[in-house]
Each structure stands twice: as C-alpha cells, then as structure tokens.
Amino acid sequence: MLSALRNLGQFSLDLLEVLGRAGSLWWQAIWRRPRLANAPLLIRQIYQLGVLSVVITVLSGFSIGAVLALQGYNQLVKYGSESALGLGVALVLVMEIGPVVAGLLFAGRAGSAVTAEIGLMKATEQLSSMEMMGVDPLQRIVAPRLWAGFIAMPILALMFSVVGIWGSSLVGVDWLGVYEGAFWSAMQDGVDFKSHVLKGIVKSVVFGLVVTWIAVFQGYDTAPTSEGIAAATTRTVVYSSVAVLILDFFLTLVMFNF
Amino acid sequence: MNDVLKDTRDDHVVIRDVTFRRGQRKIFDGVDLTVPRGKIVAIMGPSGTGKTTLLRLIGGQLKPDTGVVEVDGRRIPQLTRSELFEVRKSMGMLFQSGALFTDLSVFDNVAFPLRIHTDLPEDMIRDLVLIKLQSVGLRGASQLFPSELSGGMNRRVALARAIALDPGLIMYDEPFAGLDPIAMGVIVQLIKTLNQVFGMTSIIVSHDIHETASIADLIYVISDGKVIGSGAPQDLMQSEAPKIQQFIKGIPDGPVPFHYPAADFEEEIMAGQEQRGWFG
Amino acid sequence: MQMRTIEIVVGAFMLAGIVSLAILAFRVSGFSVGDSAGTYSVYAKFENVGGLVTRSKVSIAGVIVGQVAEIELDQKTFMARVRMEINADVNQISVDSTAAILTEGLLGGKFIGLSIGAEEAYLKDGDEIRDTQSAIVLEELIGQFLMKQF
C-alpha cells in the first residue's frame, strides 16, 4: 500500500519533470522565430509535414465523407428528411471529424517522421555538432518544425473537410439522388462560418501545435540509440493521438457550450 | 616531461578541480588538466571513463558541478548562451560518428559553418570549401552525400567541416575508432599536419595507444574520475603505476578487474543447482 | 529535391488551403462578402419571439432581404427588442409596414416576414417598426382551442 503510494508519487514527479522539460523546450524554441534567412528551412518543413501528408489526408477525407453520406442517408430517409444530409455531413466534418481525423493522421504520418528524424540527428551527434559549430539546434531544427506544424495542420484539416463534403455530395446527390439544390441550400443555411467553420479551424491549429510539440520533444529527448528512437516514435503516435482526442473534448466544451 | 608541463604561461584550455556527476554516478571527481597552446594533447583511459564528457565540458555543452573550465582565459560555464556560441566559433570538434548532416552534400556540409557564420559571397565560400576538402584529399567527392561515403571518408569530411572556420582549438572524439589501418593512418597524418601547419591546439580523446602516442605531445590518463597519470608518451610508457601499466600494455586483469563485481562464483553455481533440484 | 520545386509545391499547398477555406466559407456556410457592410438596422418589438434566433431570415414576400442581428429584452416594457439588418438595396420599406414572426412549415424555424404598408416615407437606419405580430406559440393555440371547446 505504502509502496503503491510511493510509486504514484514518483510517477507524478516524473510526469511533471517530463512536462517541465517539454514545456521549456517549446517555450525556448517558439521564441526563436524563424528569421527571414531561415525561411527556406520553414518551407522545407511545411513540405515535409504538410505536403507529404496531403495524399493520405485527402483519401481519408473523401472516404469518410462518402461513408457519412451513406450512413446518414439511410437514417434520414426514414424520416423523409434526406435534404438535411448535406447539412449533417458538413457540420460533422467541419466541427469534429475534419480537425480530429486530420489531426490523428497528422500524428501518424508527420509526427512520427519528425520524431524519427530528430532522434536520428541526436543519435548521430548531428545536434551536438551543430551546437559545437555555434548553431542553435532549437532555432535551426526545432523551431521551423513547430511553426510548420502550426501552419500545415489547419490547411490539412480544411482540405479534409472540403474533400469530405465533396465525397458526400458525390454519394448523396449523384448516386443516392438527394435533390442537389436542397443538399447545398440546407448546408449553407445551417452551417455558420463564425460559429462552426472558424471553431473547427481553431481546433486544428491547437492539434497542429500539440502534435508537433510532442513529436519534436520525443525526438529531442530520446535515448540516442536505435531502440530509443523506435520507442520514441511509438510514444509520439500514441501520446499525440490521445492528446488530440482529449483536447477535442475540452475544446468542444469550451467553444461550443459557453 | 617537465618542459611540457611547466610552460603554463600560454595554456589554451585549463581544467581545475572539476567534478561532474550524472544522476548518482560521479563521472569526474577533481580532474585537473591543462592543454598548452599549439600542442597535441591526448586524453586516454578505458571506455566509460567520461572522456567524451570532458570534451563536452570544454565545449560548454555540459556544465561541471564544481570547478573551473577555461578556454582562452574565458570561463566556459559562466558564459551566456550567445557568448558561448561566439566562443565555439573558435573551436572545432570532430565527432566519433562524423555527425555529418545527412540531408546535405559533402560540399554543403563543409560550407555550412561558413554560410552561417560569415557573410562571404558564394564564390568565395566555394573556394574555401574546396581548399578544405583538398586538404583532407576529398575534393573529388564534394558532390557526394554522406550515405555514399566510407567510414574513413566520412570522418575526413567531418574534419574538413570542423576546420572550416580555422579554429584555434580542435577536439577529436575517438578519431581512430572503427577505421581500417589505411584510413587510420590518413587521420593520424591529418591531425599531425593540421597541428604543424596551422598551429591548431589539438585535444584527442582516444583509447588507441599506439596511434595516439605517435602524435601526442602530452598524454593524460583518466580512470575512475581522476587523472591518474600524465606526461610525454615515452615517459608514460615507463611509468611504474600499475593502472597505467595495465592500460598501456592491455593486460586483461589488474587494478581494473576482469570480472564485473559479482557474488562468489562457487556459491552462485551451487545455488543454481539447488534451485534446479526442485524441478529437474 | 530542388529547393525551387519544393517552394512551388509548398506554395500550391498553401493555395489549396486558402481555396479550401474559401469553399467552406462561400459554398458550405453561405457566407457572402459585405453582408454587414451593405445593410441598415431596423428595430421591432414583439410580445413574444418564441424561437426566433440571431441569423434568422427576414423576408418580404418570401424573398430574403436580411437577417436578425440581435435579440434583447427591453427592461421597461418587457418586450423583446429585435434588431434586423436589412440589405441596403432594399430601401423602400414604408414606415407603416408590419413585422410578423412566422414559421417555416409546421415545425420549421422561425423567421420575420415584413408586409409593406402604404406610407410614402421609408424606413431608415435605426427606425422602428411599430406594427408587429408575435410568434404563434403552438401550446397557446392548443390551449385556446381547448378553452373554446368547453
């Protein structure tokens, strides 16, 4: 009993310590804004994190939109309100599924790559050698990745939603025969830019920040061995997925209920 | 031995009474050593004695718990971040793995410190990079990527990068480890040439006795967190101290025991048999 | 890959983001530029707004001419004060017009329907429509119906 309590205390202390280190890494890096001279680094990272995640995001968005339309149609048609299909799909995509699923995909595709890359740089002493050359790895390696995640994630989430809505219209309108005018006008009537779209964007920005933060920290903090990198990559995917889902709940609570 | 040690007027690196611990483990416990300007100084000792850690203390990547680390008369642990980065421009370091940036070509790797720290025009940087690559004999490999290089070439490129800014002090972390004899000979020759031609103060961390002894002016032997012996190579070879003798001659058992601390062998074997008795 | 190629691809990526945002704004949420810029405000007081919300439609003869911008309680009269934003090009609504809260279909959302009066003076920004007709609350209707029966 006593040892369980002690273990719990030890665990809490360890957790706080990790959080502290992660926080200070983020804080130090975020103030080292990419200067104009470092813009190519940022662009390269937007390419790595964003562009390379486009295909998986668009494919997933399309199929999720199509599935939502199928399922939604089957339910709505019972009440004769299949004209609300577009509205339902659009709301769900824009507020929830777009940011969340794009965030999860981002964690799996981009987050793991960032952790592995930085971990490898650490293991092969590239970070150390950079420091010894008088170059700050926080500025050159960490900061561009943090900013790239911040920029790329909302764009991916927007693409996800748009492609999802397009997929749902293909299934709903072109295949299941929902009247096109009603499909779009119900959507335009019910979806509000400020209270739905914008809040979805806020979510995706937060997810982008948190996922890249976790990924960068896990890479930076990894044991510089191959086992260490493997474990850190797994941790990145697990932690950031869980963080996205939990944060989604709280963001929804704060933004949509008050 | 005395003529090397006595000349303390121009010490490039001074380490006084440094202690450093990592977690519970004490890595250094009162280390003293000086590196005279323009000399090749070797820091030797068995694996795991923190030789690399010592280089990191000099480079300011780690801070000692107590004691003084001075480079060019500047106390490294007390410097601010930007001062430290300034001082590091006058230091080069060759990492054991080479630590080349894998996403840059050989040329860009060597150009990296120049592009960051100087405002030189691109054609001048090109000339400088080619000069450095020429001096390590790899001008022809300038467009290759690190993954296309052998271990020895990798280290030579890293050396070219380390000397790109013409540092006054260069530190070598295990420069001979894992190289074939020819590549090793090349590195030995390069270290010597750089020291003689450019007058770079060199610190070599290594456990390869013969290569190191052949070029070092002064050797420090570290064991158990302390400097246990120092002097010119030939003096050290004749040292009476058993630990130094064991290290230099490579005797398997001695003050550094062959066996990792364990319970009595006979007892443990017997205990194992008793346990098996229940099931076997 | 060449830096220039990467720059172009990243540029396309950012552009795709902006296009997505524009699609969500205009195609999905029916957001139109200058919505509030080209409008003027008209007020009306109702006994009961029963289910009218901000962004509800304001229509004349079934054509949408604006939206409800604000609903608040007038503490003196204890009536609901509604601010409507009417599109600026609809500028000939006479001052004796009537505002009624109507329902789309039997159970649909509420909206405000304006019936044009006969006066030659037109409503300006900040004016109030005097003649109003509150929302029909279904429960009250049923109540009245039952009272008449007995």
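Per-chain numbering from 1; labels A, B and C assigned in written order.
Rule of thumb we're sticking to: a residue touches a chain if its C-beta (ideal position, glycine included) is under 8 Å from a C-beta of that chain, and two chains touch if they have at least 3 such contacts.
This is a predicted model, so every value here is computed, not measured.
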| item | value |
| --- | --- |
| Centrality ranking, top chain (CA atoms only) | A |
| Pair of chains ranked first by number of touching C-beta pairs | A-C |
| Chain located farthest away, centre of subunit A as origin (C-alpha) | B |
| Between subunit C and subunit A, distance of the C-alpha-averaged centres to the nearest whole Å | 36 |
| Subunit A-subunit B separation of Cα centroids, rounded to whole Å | 42 |
| Between subunit B and subunit C, centroid-to-centroid distance (C-alpha), Å | 75 |
| Subunit A-facing residues of subunit B, complex | 56, 59, 61, 81, 85-86, 88-89, 91-93, 95-102, 112-113, 116-117, 158, 161 |
| Residues of subunit A that touch subunit B when the two form their complex | 120, 124-126, 128-129, 131-136 |
| Residue ranges of subunit C touching subunit A (in the complex, touch as defined) | 3, 6-7, 9-10, 13-14, 16-17, 20-21, 23-25, 27-31, 55 |
| Residue ranges of subunit A touching subunit C (in the complex, touch as defined) | 40, 43-44, 46-47, 50-51, 54, 90, 94, 151-152, 154-155, 158-159, 161-162, 165, 184-185, 187-189, 191-193, 196-197, 201 |
